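You will see two complexes here that share subunit A, one where it goes with subunit B and one where it goes with subunit C.
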Partner chain A sequence: MSDALSDDGSHEDSQEDVMTPAELIVKLEEAWLNEKFSPELMENRSEVVECVMEQLTHMEANLQRVKKGDAKASIHRMEIDRIRFVLSSYLRSRLQKIEKFFPHVLEREKSRGEGEPSLLSPEEFAFAKEYLANTETYLKAVALKRMPPNLQTVDMIKAVPQPYLDSFVFLRVKERQENILVEPETDDQREFVWSCAVDLNVEVCVLVWMAPGDHEPAEITRP
Partner chain B sequence: MDPAEVEFLSEKEIVKIIPNFSLDKIYLIGGDLGPFNPGLPVEVPVWLALNLKQRQKCRIVPPEWMDVEKLEEIRELERKEGTFAPVPSPYYMELTKLLLNHASDNIPKADEIRTLVKDIWDTRIAKLRLSADSFINQQEAHAKLDNLTLMEINTIRSFFLDSLNFMYKLRSNMQPASSKGKAMDY
Partner chain C sequence: MFCEKSTELIRDLQRVHDGQLPAFSEDGLRQVLQEMECLYEQNQSDVNEAKSEGRAELIPSIKLRHCCLLRNQRCVTAYLYDRLLRIRALRWEYGSVLPANIRFHMCAEELQWFSHYKKSLASFMRALGGGEGLDITQDMKPPKSLYIEVRCLKDHGEFEIDDGTVILLKKNSQHFLPRWKCEQLIRQGVLEHVVS
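== the complex of A and B ==
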């Protein structure tokens, strides 16, 4: 799912240094919307976040030097406020997901292979670990220590719901792709793969995760 | 997503204004604006246009499509077509609301425009409900929704997706041994 939603993730990293501030803001907004609509936590975009923060601090430092009542300064401030809103909303929605799925997020972080990009930024990782520790301490303090000894542990992985990855989603197609098929829904639900409809003329699709198999895929008809 | 957030996104759209003040070029993070000269039209994002308008520093030029004749055409097309017809702007509803609420004195026939856009919206939402209904009845797995705007999707998103997920869960539970035995977040 994350791949389908954030295909901007990896292959554009190399061009990061030539990105204009305007493009950076577009990237941030994209990350914000993807994070908002995806059922699971997406890969962290801390490079974007850091660049945006840098831009904001830089601009705010400049504004400090401007005298009061300058017409331009108020416009700059408004822009800063707008960007700051997107940035905090983005970070907040990530934190909410971390709070919601913390054992699974940490589990994924643990099983992450060498060289694979981390799901969490270092700050988010610290937050998730602390959240886990605090939750455990809390559960212990209010209930567990009064339980019989054999019932004093809680497996967080089992106790906390995991993200619902078979969720239907709306998705917008950004560019025309060939050879992508949407398979019809089937009853075989053991192993799911992500298939998606990608066509320039398809603006939005409702999708479901579908099972692979030997059934005929339904091709998207192109107008 | 909160409708206010969709409106927030629509405020990035570009609109033409005629300022009554002069100001040099502004170098914003999101791009350069201006220079502003009294009487000369200049393109700015909607959020700035509305702010200047509220401070009575400019006149807003309504977007080309915000015109009774053009909207009537769109409305007819929308009523004739079974699918979603192309919309004049991906944020047509939000922009109409914002511009008419804050700058109705700059837009000719504002009331007619309001009614027309509302008609277009109503027709489209009725279609959306109808197609959601048949989507569910026919147990489809995917649907192509050309020309649907973010605000329109937003009116149906949480209700529709949650219902689909729930029905999917009910259906999949009818088969034995399909559950993974783990708690899931629905």
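== the complex of A and C ==
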């Protein structure tokens, strides 16, 4: 992949113009896998979502022009279905995490500094707010308002479990990188020299499990 | 014993299989709330007594009652919240209209919560991709083939597929249909995927 497509620079319009559909799908798949396998909510990639949806509409429109019974049409149709599945699955897993951790997600959004990119897309933010309000109203109406005065509130932050950030995740190395130091959790401050994934998205939230000892630096490159 | 009723609520939920919704235990909830009221009143009078007459020996029992109150609150909210999660799952399974026998098991507030949830989800899906909209409750499984063989389990009436052909879904009839059009109907139990 070229530098123009690296993760940190994708928000600028000028760079999106150079993306081919194939590259776009690679980006979508990357976002999808990261989201699916990380325990917490990742940064939103609504620019990718929007582009893919545009692309899908475009493909559908193209398909309308193909005459019936053409073998090419069904291959394209299948491709559309697959892309739509990945896209839906990506959005679904985000939504599931938002529902599961809604107080924490909103809290993080609140404490977000000026200029920091938002975790949630505008529509996800609206959804999370509504979900919180809805659930609070419900609990209040059914039980809390009939409880003794000092027990009529529930602290959602405490009541709803947090994402488990110490869980293990698998990483795939995209680029060879020497001398990445992963701080060990153990007392003896052994240094692990490891060739490690440089995907920022994953690295932030994980504790990478590794067997101690001498290892040849592994190198797995993304096709 | 204190808190017995509230644990019973939780146990009731645990007994039924995941994803199934037992009837809302209005009665159980009322009993727990009554117990809480009782505990609270006893505590109030004991606190007053301990304060005015300096009876320190009352403090442990006040603490015990308070712990029971907290536990009751926690169990009740857990009961209600777990039910919400099950109801949420139903939205994804059955679509926005729930079968009557499930609605029958829900209390009025739950129905309200469900309709709010339904609305939030719908407006979320409509706003996707800059207002273009995408139904993410579809495409739950990776597509394997374009067309699938389905059998009709009940009369559903006419059904239009993408290219404008209208087919009649009659009970026990068998069709070869585009998968993306049938997914919802299969989940609703109108169609059955025939695996040969």
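The rule is simple: the second predicted complex is superposed on the first by the 169 of 223 C-alpha atoms of A that agree within 3 Å, B and C clash if a C-alpha of one lies under 4 Å from a C-alpha of the other, contacts with A are read in each partner's own complex, and residues count from 1 in each chain.
In this section, a contact is a pair of C-beta atoms (placed from the backbone, for glycine too) under 8 Å apart; a residue touches a chain by one contact, two chains touch by 3 or more.
These figures come from a predicted structure and were not determined experimentally.
A.B. asks: Which chain, subunit B or subunit C, is in touch with more residues of subunit A?
C.D. replies: On the superposition, B touches more of the residues of subunit A.
A.B. asks: State whether A:Phe85 touches subunit B only (first), subunit C only (second), both chains, or neither.
C.D. replies: A:Phe85: touches subunit B and subunit C.
A.B. asks: Name the contact category of A:Pro148: first (subunit B only), second (subunit C only), both, or neither.
C.D. replies: Touch status of A:Pro148: second partner only.
A.B. asks: Just to be sure I read the superposition right, which of the two partners does A:Lys158 touch: subunit B = first, subunit C = second, or both, or neither?
C.D. replies: Touch partner of A:Lys158: subunit B, not subunit C.
A.B. asks: Contacts for A:Lys68 in the overlay, against subunit B (first) and subunit C (second): which applies, first, second, both or neither?
C.D. replies: In the superposed model, A:Lys68 contacts subunit C only, not subunit B.
A.B. asks: With both complexes overlaid on chain A, does A:Phe168 touch subunit B (first), subunit C (second), both or neither?
C.D. replies: Only subunit B is touched by A:Phe168; subunit C is not.
A.B. asks: What residues on subunit A does subunit C touch that subunit B touches too?
C.D. replies: Comparing the two interfaces on subunit A, one with subunit B and one with subunit C, the shared residues are 78, 82, 85, 89, 159.
A.B. asks: Looking at the complex, which residues from subunit C come into contact with subunit A?
C.D. replies: So the residues of subunit C in touch with subunit A come to 29, 33, 36-37, 40, 69-70, 73, 76-77, 80-81, 84, 88, 107, 109-110, 112-113, 116-117, 119-121, 123-124, 127-130, 132, 134-136, 138-143, 146, 163, 179-180.
A.B. asks: Taking the touch rule as given, give the residues of subunit A at its contact with subunit B in the complex, in rising order.
C.D. replies: 21-22, 24-25, 29, 36-37, 39, 55-56, 59, 71-72, 75-76, 78-80, 82-83, 85, 89, 100-101, 158-164, 166-170, 182-185, 187, 189-190, 197, 199, 201-208, 210, 220
A.B. asks: Looking at the complex, which residues from subunit B come into contact with subunit A?
C.D. replies: 1, 5, 8-9, 11, 21, 23-24, 26, 28-31, 33, 47-48, 51, 135, 139-148, 153, 157, 160-161, 164-165, 168, 172, 175, 178, 182-186
A.B. asks: Under the stated contact criterion, what part of subunit A meets subunit C in this complex?
C.D. replies: Residues of subunit A touching subunit C: 49-50, 52-54, 57, 68, 74, 77-78, 81-82, 84-85, 87-89, 91-92, 95, 99, 122-124, 126-127, 130-131, 134-135, 137-139, 141-144, 146-148, 151, 154, 159.
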